[in-house]
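Quick one: the structure is below, and I'll ask about it shortly.
By written order: A, B, C and D. Residues from 1 in each chain.
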Amino acid sequence: MSGNSIGKLFNVSTFGESHGLALGCVVDGCPPGLELTEADLQHDLDRRRPGSSRYTTARREPDQVKILSGVFEGKTTGTSIGLLIENTDQRSKDYSKIKDVFRPGHADYTYWQKYGVRDYRGGGRSSARETAMRVAAGAIAKKYLKQAYGVQIRAYLSQLGPIKAESVDWNVVEQNPFFFPDDSKLEQLDEFMRNLKKEGDSIGAEVTVVADNVPVGLGEPVFDRLDADIAHALMGINAVKGVSVGDGFDVINQRGSEHRDEMTPQGFKSNHAGGVLGGISSGQPIVAAVALKPTSSITVPGESIDSQGESQQVVTKGRHDPCVGIRAVPIVEAMLAIVLMDHLMRHRAQNPQVTTKTPILGQL
Amino acid sequence: MSGNSIGKLFNVSTFGESHGLALGCVVDGCPPGLELTEADLQHDLDRRRPGSSRYTTARREPDQVKILSGVFEGKTTGTSIGLLIENTDQRSKDYSKIKDVFRPGHADYTYWQKYGVRDYRGGGRSSARETAMRVAAGAIAKKYLKQAYGVQIRAYLSQLGPIKAESVDWNVVEQNPFFFPDDSKLEQLDEFMRNLKKEGDSIGAEVTVVADNVPVGLGEPVFDRLDADIAHALMGINAVKGVSVGDGFDVINQRGSEHRDEMTPQGFKSNHAGGVLGGISSGQPIVAAVALKPTSSITVPGESIDSQGESQQVVTKGRHDPCVGIRAVPIVEAMLAIVLMDHLMRHRAQNPQVTTKTPILGQL
Amino acid sequence: MSGNSIGKLFNVSTFGESHGLALGCVVDGCPPGLELTEADLQHDLDRRRPGSSRYTTARREPDQVKILSGVFEGKTTGTSIGLLIENTDQRSKDYSKIKDVFRPGHADYTYWQKYGVRDYRGGGRSSARETAMRVAAGAIAKKYLKQAYGVQIRAYLSQLGPIKAESVDWNVVEQNPFFFPDDSKLEQLDEFMRNLKKEGDSIGAEVTVVADNVPVGLGEPVFDRLDADIAHALMGINAVKGVSVGDGFDVINQRGSEHRDEMTPQGFKSNHAGGVLGGISSGQPIVAAVALKPTSSITVPGESIDSQGESQQVVTKGRHDPCVGIRAVPIVEAMLAIVLMDHLMRHRAQNPQVTTKTPILGQL
Amino acid sequence: MSGNSIGKLFNVSTFGESHGLALGCVVDGCPPGLELTEADLQHDLDRRRPGSSRYTTARREPDQVKILSGVFEGKTTGTSIGLLIENTDQRSKDYSKIKDVFRPGHADYTYWQKYGVRDYRGGGRSSARETAMRVAAGAIAKKYLKQAYGVQIRAYLSQLGPIKAESVDWNVVEQNPFFFPDDSKLEQLDEFMRNLKKEGDSIGAEVTVVADNVPVGLGEPVFDRLDADIAHALMGINAVKGVSVGDGFDVINQRGSEHRDEMTPQGFKSNHAGGVLGGISSGQPIVAAVALKPTSSITVPGESIDSQGESQQVVTKGRHDPCVGIRAVPIVEAMLAIVLMDHLMRHRAQNPQVTTKTPILGQL
């Protein structure tokens, strides 16, 4: 147990169920002196928020975050920051029918087996609604990293079902409801999603995240490598089934002479490694990707069982995203921000000066 | 810092450099009463050991492990177990030429930037030699899991460059130097490796691991999900660039109606999830895979720089594996064993009885 | 940083300032299936609450706790429990005068030095008001320990200034505002406190805590001994300057033949050890005590400085307890409960069966 | 379980039994660039070593420590440091008679109850011999703190039975076998110990430790206060039954006007607090003390039981210290060093610059 915390020095502990009274978290270890308002957190919460387009769940939650502590006269004090989002649109009757039924592909069965009891309303703690607090906490890390070191963390939907981005234009990403970076394919995406909705089915996706200006030296081998902790944080997002760094699974068929990123006095010649060498940031952009499974909340009927072990047919009605990957974009950014923040602090505990050292490479 | 420990309850802390005096570790938290001898650890160490075939490095290390504490009259006592492997074949002169040069694709540059100093002999702490202690510690976890719960953890090389296993025969795996499960392709593999060696190049690989008979209920959402901790442990292995659970990156193009594993009173109808639902083991086999990059230790010349920032050409001589993925097989098993052991203990801290509960599904 | 969490498996993370919007905490790791209502927590909160007698601060806070998550249909679900107490009586103008002045004996100076910024309203995070959440979280641990193992945790004021309890009658403890166990001295206490108040001064105290029916075997040597973790938890209470277990500082002048608790088939013949041997609970009552300093919030003028380093005279007005030791009684109980709960879970992770084992001694 | 580690960032994990093959530890998180040789560790090991005077056990162990990793070309590399001391003088036959008997006042009974099995040779893991590794690890922390910040950590025997030091002369401390600071009482001590030995009994003691030049700002409220972590570390030393900071238990009978340390522009006027305010170092000397019980290893016969629950008489022969407090002096220093080092690193993770800030007080 005690699995609701992440981060060793920048530590985030969350609570809250999909249809409970509120979601909340404690952000412990934030450095003092950071200017912080609720508006700083709200921007990313709004990007994640349900109901923001016709391709995401129709559930409407203002997701208004309150800062309850740790900020005084507009600045963080170095003490623990309490955050709270009250649940307003709960409609739990939607879920009462499936009280004793395990929806296939969901955590219903495993929570029931693990705990012997479960909050069946909307998945309870296993609902993706829980990720709202991750986004709020991540926004604090993002702001600190940006202000103190110029780190920029941005994600996008790199693939949705068969439709893959061929180009990445960051200006495009925030201007379409899919966070998709390739505007030549937006129409195709739109059509695909409309058809999917008609069929009552769902689809998988890939989200790619890039962090620029990450200081060299973050990561604590041999177990708490930067990439290992990124993998932990990203695999811990609901629906994620795979995590890659740099070239990821493409390395299987690469040769050493092709993969190794050669170095010149002007900088690295390539970034197959995705900004991590030996578990430590190299100063190149950190590049990671996650594969998100298609949600199991679909109207296509499926076979399952109930808590008596009896056979049941399941049709998930209610308000659900046909592609949970879309709304995962700000969550992936938030989780990467939390990991980088934690490792920045871990690094400077050991080497308080070293982050200001000039790398010997020119174009890092 | 303090990144050389893994596991919250079954905790492994390692030390040791490639060309230092010894490798060692502390295994803290092992339950008392487990019969344990050095021979129990040696079997997996021998599988990982260099020099065991012509496709792995010619370095010869007996890798003889000693148990220094925590075992009394043949049984674990519940106190911390100290393990030690003395380094015997060190030949550090092989490496003296590259003292000031950063080998591309290696951790030389990042260690130097992070710490301001590095043990340049054979990669020091960043050498894969460090993984010997993981294998030794993992063997303890494997034995406990096997004896107490019947858990069986086995890995194999599922792909090497373009050559992919089409079938999995566990009997074949241990009978060829590649840990490859498909004997129809062994000849092809052999030829591929011979050519690669001639060219002085290296190749990537995929290793797949399967754990059978894992109790339902392991994993601590929302951050310490079982799959998140597996991702952490596997991405923390040298050269790993991607981790997947179940269908992994294939889920991107799957539909919900196809991916969700339907349930019947007799059991699950499929295992796309790889044995984890909502971050908790489902009782199905745990299936995970890692992508390993081609080693950068090759004789094909490459561009790099030295610690003065000057341009240098690098040719890595010495004794190296053309495919580090092969020897990773027992390491992947060990890391999964450590994670499962840790989560087994975490689970029973909260629910001491629950693991004996009969799942309601027939064929888990 | 990240010091606002306690417990490895039963983990409590708190937030909140004296005059902020709210106090809150996350209790992570509580076993599922425990019946829990807000009333279960309120009882101890009421015992700690300011304004409950004329000998404690006149500040009036209803300290009404809300359970925001982790409990469903009256039972804990095994997921993280969110607790919240809104601050209602804040009167921050009382404190505005001392904005730039460091009250001697308080944390004003060290917080300002550590963080460069501080919430000066009522001590901010360093206020004893923070301990309300400890009491709420501890009440959960207390209830579980009681129900599952019959553990009973009770504290009392064993000394206040020169007045020492000569006898311990548990029935007396809850029937006087001092939590004092010796009713022959209540009048004397009353008089002492009345005089102290007139003088505007404060006084130190000792609180003793006893846990009965603690299972044998709790504690994880060599560093996380049960007594070491008790010392950590109790020394972490505001104003505590000393912690003892069993005979405590009296052992300095004891002989081995006197101190060692001899054993007979019927049980131990004495309990000088306070229920802990070698860092592990022996099955005897756990006995510990804390020394609490006199609060520095007094009206007797004192010398100090301000944030410019200038000399200042300080007189602390406002509402303060002349003896903070009195209200510490439920806090000490709560902290011991959290430690015992955490160690119970740690123990059964390693030995799920062992707690049911019958000790070989008769009268443990 | 997993209790054999201490420190969050400067982390020490130990292993080894009294009569096993070796003692060892992993020191993880030490900053790179510290000059370190085995001689740096040996000095404190020699101070702790048995056989150094006629008042400590006659067991002779050279306690020669080896550095196995983490140091390269005379400097720490920032990677984990492996330390090893081989046991040479084991004589385990001394202990075979008490194989099934629980020595009163020892951990025999609780280890057996907790683990179901125990290494009965000399107390196994519960032997004070284990503390040798603490001393070695602490010596690294001491050296870093001294070199980087000028911190000086020194302890002395402040009381042995009825004999209390009336004055503290640091020059005297290292020049007598008792680490006693008051040479007017050395003769008295000597006589007391000679009589005690004749009687075959043992005596308790108090050890006081002082750290000078500790930077202001160390400590992480509200749970990981500096004093709370000191209490954890010191109560975790074998035989310790009480820990105090500053005036300790004397505060019970102090008034606020007397206890609070007033401040002037030139500095604090007193140090009743022992250098910690609100859980954070104030820049004043850290002062702490521990009460150590008289060892139970005496030749005065005592009543006990065996593992069958049968009555037994126990006389502990073999080689034992009549006052374990004496040799605890370097152990207490080591534990305080580990805590201060850990908190220094935790502090600078959050505030990398702040430790260089000039305190506004003159004579800190």
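Throughout what follows, a contact is a pair of C-beta atoms (placed from the backbone, for glycine too) under 8 Å apart; a residue touches a chain by one contact, two chains touch by 3 or more.
The chain lineup, named per UniProt: A, B, C, D = Chorismate synthase.
Quick caveat, the model's predicted, so the values are computed rather than measured.
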| item | value |
| --- | --- |
| Between A-C and B-C, the pair joined by more C-beta contacts | A-C |
| Reference subunit D (Chorismate synthase); chain at largest CA-centroid distance | A |
| Centroid distance [mean C-alpha coordinates] between subunit B (Chorismate synthase) and subunit A (Chorismate synthase), Å | 26 |
| Separation of mean Cα positions, subunit C (Chorismate synthase) and subunit A (Chorismate synthase) [Å, integer] | 38 |
| Gap in Å, rounded to a whole number, between the CA centres of subunit C (Chorismate synthase) and subunit B (Chorismate synthase) | 45 |
| Sequence positions of subunit B (Chorismate synthase) contacting 2 or more other chains | 1-5, 8-9, 14, 29, 31-32, 78-79, 114-116, 125, 221, 345-346, 349-351 |
| Touching residues (chain side subunit B (Chorismate synthase), partner subunit D (Chorismate synthase)) in the complex | 1-5, 7-11, 13-17, 20-26, 28-33, 66, 68-70, 72, 75, 77-82, 84, 114-119, 124-125, 345 |
| Subunit B (Chorismate synthase)-facing residues of subunit C (Chorismate synthase), complex | 8-9, 29, 31-32, 78-79, 221, 345-346, 348-353, 355 |
| Residue ranges of subunit B (Chorismate synthase) touching subunit A (Chorismate synthase) (in the complex, touch as defined) | 1-6, 14, 102, 104-107, 109-111, 113-116, 125-126, 130, 159-162, 201-206, 216-217, 219-225, 227-236, 238, 240-265, 269, 272-274, 277-283, 291-298, 300, 302-305, 307-311, 346-347, 349-351, 354, 357, 359-361 |
